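The chains carry the letters A, B, C and D, assigned in the order they are written, with residues numbered from 1 in each.
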């Protein structure tokens, strides 16, 4: 694979990591983590590791994101309610 | 090119560690853990790459890449996923008591 | 008061950057690898003869270093046991609402294909990329999909927790049992061809001795385990709705 | 063969527990007891094999460089004996307290037992990481087992720090693999001598940092007091007595095999960390009012003593460290069980509330007195002997500061243990009228727990005298020899 594509991919990876780190909205961060996982899976596929790419795509972008969303939806709403009460 | 992926992995590792250190939201902590784990995976997979290699599935049509790091990475991905699942379960349980995921407002045990 | 967080931020930034520099210097000092050396070259050269598997990664995971795989699926077993323990006191209110008719029908068409895909990934783990982890995770994803689209009562009706528990423990026991066969044969724990498992014809479906069986065992364990984790957390979600809405879910 | 069974018997028990639960709904105490006895006797058999005929078990029949090898030598056997005694005692206490009800607790317990044996026996770096992960996940969950919010918070804190530690260990493993291409520890001992200096620095930093976080030494000890004080009594005793020792073993094994001939700075770092742990742990313990937190901070300090012993990088230092680890297991398990039972009896964990116990429970208080005298280091007891050996070996290594730190720590620890004991002995000051439940509450029988505490106290007395016997000294110095003799380890694994 060409070097320029690799550079593009890695810059994108670092950018998504920075977004995950900096953004305040947890839901957006979780979605960005899913994107990050897919990009990482692409990088693994380019590095000639098909097994790892498959696992990364299935586990990190599938199950882990689903668990994050469940946990987030469980914790997010009462927080809003309590903020409304405070206001 | 392979140094590039090492550099990327190290940068992502440091971003993850920095996130864990300064962010006060528990979800951010877990996201930071996920970033650090992904960075270590990228380092391990890159260490097996050789220029012009083919995937390690016989019969090889050229020089195959090192298969051992792939096996480690598979193991590490699953272990990391179960760690993250456990952390999320703890957060959900703690949220029932504190009604918040902010570390500064969860301070039952200090000192 | 207001300056303190900034000092902490800058200190942690410096710490992270210096750690990163140290790590990168450690990597950059190494010579660039041009060809595979060490034990890995053994795997590449002799896997076909010693295990009969085409996928070298699969052979490493389920034959040469199968003990790591046993430990790693035990991590999932532990996590599942613990998460089920954390959420064990919640009562489960089944929801049969689910999404719209179109979504249900669409998923209904897709699910058999997804299940077949997962089975293929597990059963052909010794021939092509894939194996027990990936296929098991796809099974778990299918149960998640069913839960989202058809509501949790459908999922708990067709995949009750009891079945998942049996599948999970059964997978673990199957894996350990295969290992103990090797120990009884006197060739070492988890040995494959040496313990008398047939190597079969290279590249055919029934080959590589115990590797496919171990793939199935890990697939059972991982699929049932991840599904139980999701199910436990969903249970929590429904209890939460119940708490807020006063038991309004059918 | 016995080495494999020491890992597989507990794991198989853990896999069987859910099936038994599904079949019977309640587990009988006898069934758990049989499983526990089988697991512990498998561990003891492995310890016996490792002690008298050091063995290598090749898994799958593959050679050590391409497969995974289990190695049992005298260092592993000493720690196997330690974990077998400690976890047996904790299992007996848990069975007495909980009965057969919480089956998931016992599943976690057996998983932890199997993974501890795995850490102690494995000869492969990545396999060590995998077993460490089972062990840690089971430990996080056992901390959270009581489900109180303190326990959950402590569990989450332990999980986050423990996962960071595990990631550093994984990173160190990855670097080691990149630099050498092998993962068997014996082969790594040879291969690490010829890699670039910067890489070696990165490897040692990652591995030592990760293992230090897991051990709970001073700068990264935040999780330890919370986790050890929030858990239930049997679990606290297990965490403080046994789990820490397994981490100590991993640190000891990895540092001695990898860095003894290559990177001496590692041992200086370990000595510094140990000295800070001694001072920091004792000073923090002095400020605590909660008896279990006090004991937990005391554990941080005792880890410091063991680290100073390891940091000597000599056979005598390693032997002293193992001896102190064994003594600390006896003393701290006894202290935690005693403190847990007494504070449950009084309904408070504040030290000032634990008064008048000398009248109602003279036997418990005298056992506590013996154990705390031993942990402070009063001369005829075992705590004194092991501290003395650590001081001797650190003086032999040419530094005086650790010895001074140990002496200062002894004084501080005497202060806070005396405070606890004086509270126990002081009369009950009219608290009977504002604590009505103390009258109707019937004192529960804790005969098994007391038998364990009593026998640990007796063992403390016996082990205080034992170092005068030449056979015993020879045994202990042979453990130290095994720990630092890297060539013998390499020869054992490679068969050369």
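Observations on the structure shown:
We adopt the following convention: a residue touches a chain if its C-beta (ideal position, glycine included) is under 8 Å from a C-beta of that chain, and two chains touch if they have at least 3 such contacts.
As the structure is a prediction and not an experimental result, all values here were calculated from the model.
In this assembly, the chain whose C-alpha centre lies farthest from subunit D is A. Subunit A and subunit C have Cα centroids separated by 19 Å. Subunit B has its Cα centroid 11 Å from the Cα centroid of subunit A. For the pair subunit B and subunit D, the distance between mean C-alpha positions equals 28 Å. Centre-to-centre separation between subunit A and subunit D, using Cα means, comes to 37 Å. Looking at subunit B, one finds that residues 11, 13, 17-18, 43, 47-48, 55-57, 65, 68-70, 74-75, 77-79, 81-83, 85-86, 88-93 touch two or more other chains.
Contact with two or more other chains is made by residues 23, 27-28, 39-40, 43, 55, 57, 65, 68, 72, 75, 78-79, 82, 86, 129, 133, 226, 229, 233, 236 of subunit C.
Shown for subunit A are the residues in touch with two or more other chains, namely 50-51, 55, 59, 63, 67, 70-71, 74, 78.
Listed by label, the pairs of touching chains are A-B, A-C, B-C, B-D, C-D. Subunit A meets subunit C in the complex at residues 50-51, 54-55, 58-59, 62-63, 66-67, 70-71, 73-74, 77-78, 81. The touching residues of subunit C, when paired with subunit B in their complex, are 8-9, 12-13, 15-17, 19-20, 23-24, 27-28, 32-36, 39-40, 43-44, 47-48, 54-57, 60-61, 65, 68-69, 72-73, 75-76, 78-79, 82-83, 86-87, 128-129, 133, 222, 226, 229, 232-233, 236. On the subunit B side of its complex with subunit D, the touching residues are 13, 17, 20, 26, 29, 33, 36-37, 40, 43-44, 47, 68-69, 72, 75-76, 79, 82-83, 86-87, 90-91, 93-94, 97-98, 106, 108-109.
Here subunit D touches subunit C in the complex through residues 1, 4, 8, 11-12, 14-16, 18-19, 22, 57-62, 65-68, 104-105, 107-108, 111, 114-115, 118, 126-127, 130-131, 133-134, 137-138, 140-141, 144-145, 147, 171, 175, 178-182, 195-199, 201-203, 205-206, going by the rule given at the top. Only residues 3, 6-7, 10, 13-14, 17-18, 20-21, 26, 29-30, 33, 36-37, 40, 43-44, 47-52, 55-56, 59-60, 63-64, 67-68, 70-72, 74-75, 78-79, 82 of subunit A touch subunit B when the two sit together in their complex.
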